[in-house]
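In what follows, chain A forms one complex with chain B and a second complex with chain C.
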Partner chain A sequence: MNIFGNLIAVLLGGVALGAMMNTVPDYNSSFQPFAVFAGKDGIGQGRQFIAELTALKRADAISYTRFKEDVSRDTSATFLVAELSISGRSESRQLEAIWLGATGRQYSQSARLEEAPRNLSLARFEPGLTDRTVAIFEVPKDEIVGGRLALAPRGGMVMDSAVHFAGPAAMPGNQPMLRLEP
Partner chain B sequence: MKNLRWLAVTAVLFTATLCVTGWSVLKDLGHQREWKAVSVSGAEGELDGIRVGVREARAAVVDNKPDRALLFVRIDLQGLQTNAQSWVDCRASLRSSDGQMWLPIYDYSIRGAIRILASDGKDNGDCNPTEVTESSPTTFDQIYRLPASALDDLTLRVSGYGTRPAALAFPLKPEVRRFKAE
Partner chain C sequence: MEDARIPDAPPEIAFGEPVSVGRSVFTPQKLTIKPGREPGERMLVLTGLLENVTGATQKAVFGFPEKLPELSSGDTDFPTPQVNLVRDNYFLKQLEPRIREAVTIVWKIPQDWQEQDVSIKFSAQKFKLNDNLYSKASWLLFYPTGTLSVRPEKAA
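Moving on to the complex of A and B:
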């Protein structure tokens, strides 16, 4: 009986160890911010910022003026432009945006458009001030419907919150050329 | 009795592990936070052998965006090189009474405003302890973007990585200049 009891204890220990090993968070999931979902009004409140998704636009090409010269960029995929209105809460912070595609792929903002006016990549948000900004992604068309936008503080995101906005229910109308103004 | 002894050893080792890891994490956090901010009544204070003086504070409000302001702050630092090196870096942040924190803007397109607001029309660059000397005060200029309503109740905190959590806290009463948009 004693041997049987010990065997059960060892087996239970092995099962418990296996369960712990399979459920322990990996490095990536440990360092993910907490997900906060925006309401139906399109407004989401993170720990350090409040953001409103005001529009999602799709375009084949984007143009803007930089140092008095017209710049235009096109893409073999499609440009997805998220227009946002963001207020800082407790301290000055820069944010980063990721498009979580319908297939599960994650898209960072397009580095080719970092210098576009009001681009989120270069913006910093101050407590008590609300500023308009745009996050621009280059994505395949089938990643838009069913995808979602995630906004999080840049840098240390441990124990912080990321605001998630639901993507469009229908494909946004396409513009051959989208002009971005300051 | 033997089991109790093992439990006691486990509890002691667990507590020791918590203390060792917790202490280093707390020290790291202390280098980021300013828990021991010392209020300075005048325009000068001393922190870890470096004398810090606040020389100018001037805000600009443009009439087409009266809710926000650019605030220029000029400080100077003086002390031994070894003391300046122990600061490692220099952080000059603005605080409101309800804990909001504004950090300086490093964008060169906005730094032009320093030349407009400074009494001598010069921009002496961001606060940098490596430039501090014992012989004479070294001047630094910072610019901030914040709500105009916050200008009435501001504190300037100056600290370095090596001094934190200690910091100097200066009450700030900026002169406000109003500009017309072109």
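Moving on to the complex of A and C:
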């Protein structure tokens, strides 16, 4: 009986250890910002900023003026342009945006359009001031409906909040050429 | 164990055969010699398709630190190539998942090089989902994935 009892204790210990090993959060999932979801009005509040998603547009090509020269960029898929209105809360911050596609893939802002006017990559948001900005992604069309926009402070996102905005219910209308103005 | 071991000699690949470069897969299509911008300058241009096979946008398309394909031919040393998008000839800054891009990998040809066979070696970083230190996803050491040995065509 004593041997039987010890055997049960060892088995229970093994089961408990296996359960703990299989349920402990791994590094990749632990070191992520906390997800905060924007309301139905499109306004989301992170720890350091407040943002409103004002429009989502789609375009085959984007043009803008840089140093008095016209620049035009095209894509092998489609451009998704998120128009945002953002204000800082307690300190000046730069933000970064990611489009989480319908398939779960993560699309960063297009580096080919970093110099476009009002681009989020170059913007800095001050406390108490509200600025308009755009985040531009290159995505396959089927990643748009069912996807969502995530906005988080640039760099050290760990232990901070990322604001998630729901994607469009229907595919945004396409523009052959979208002109970005300052 | 012997089967799992990475072979010392990477496999020979041909045009149209995909080769892993780590975070993406490259399919070479054509190797041509083209005139450069300056008089007397020549370029060796490898055209192909590049596709991101990860779940996120990649800036380190050829690994980090970047290890671009290595070109060797005779005793000539070739400089580091430039990777450009074919559609607008703008250099490749990042690669999005599920968007296959036509690219050119361009080497400037040194003056002393005579037309002959060339060999292009491709490498990839090994991916480990849970590394031994933090159990986090990591891209580790480079290993050779393929060699393309061809004679370049002259541009029409």
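Structural remarks
Simple rule for what comes next: the second predicted complex is superposed on the first by the 182 of 182 C-alpha atoms of A that agree within 3 Å, B and C clash if a C-alpha of one lies under 4 Å from a C-alpha of the other, contacts with A are read in each partner's own complex, and residues count from 1 in each chain.
The rule is simple: a contact is a pair of C-beta atoms (placed from the backbone, for glycine too) under 8 Å apart; a residue touches a chain by one contact, two chains touch by 3 or more.
What you see is a predicted model, and the numbers here were worked out from it, not measured in a lab.
Steric overlap between chain B and chain C is absent once the structures are superposed on chain A; the two fit side by side.
Applying the stated contact rule after C-alpha superposition, one finds that A:54 touches neither chain B nor chain C.
Shared-chain residue A:104: touches chain C; no touch with chain B. In the superposition on chain A, contact of A:129 is made with chain B only, not with chain C. Of the two partner chains placed by the overlay, only chain C lies in contact with A:139; chain B stays clear of it. Once the two complexes are laid over each other on the shared chain, residue contacts for A:92 go to chain B alone; chain C is not touched. The three-chain arrangement built by superposing both structures on chain A places chain B and chain C 100° apart around the Cα centre of chain A, to the nearest 10. In the superposition on chain A, contact of A:6 is made with neither chain B nor chain C. When the two complexes are overlaid, the chain among chain B and chain C that reaches more residues of chain A is C. Superposition on chain A leaves chain B and chain C with their closest Cα atoms 16 Å from each other. Against chain B, the residues of chain A that register as touching in their complex are 89-92, 122, 124, 126-129. Residue ranges on chain B touching chain A, taken from their complex, read 67-68, 96, 99-103, 105, 107, 145-147, 149-150. Chain C makes touch with chain A in their complex at residues 55-57, 59, 87-88, 90, 93-94, 96-101, 130, 134-137.
Within the complex formed with chain C, the chain A residues making contact are 26-28, 31, 73-77, 101, 103-108, 110-112, 138-140, 143.
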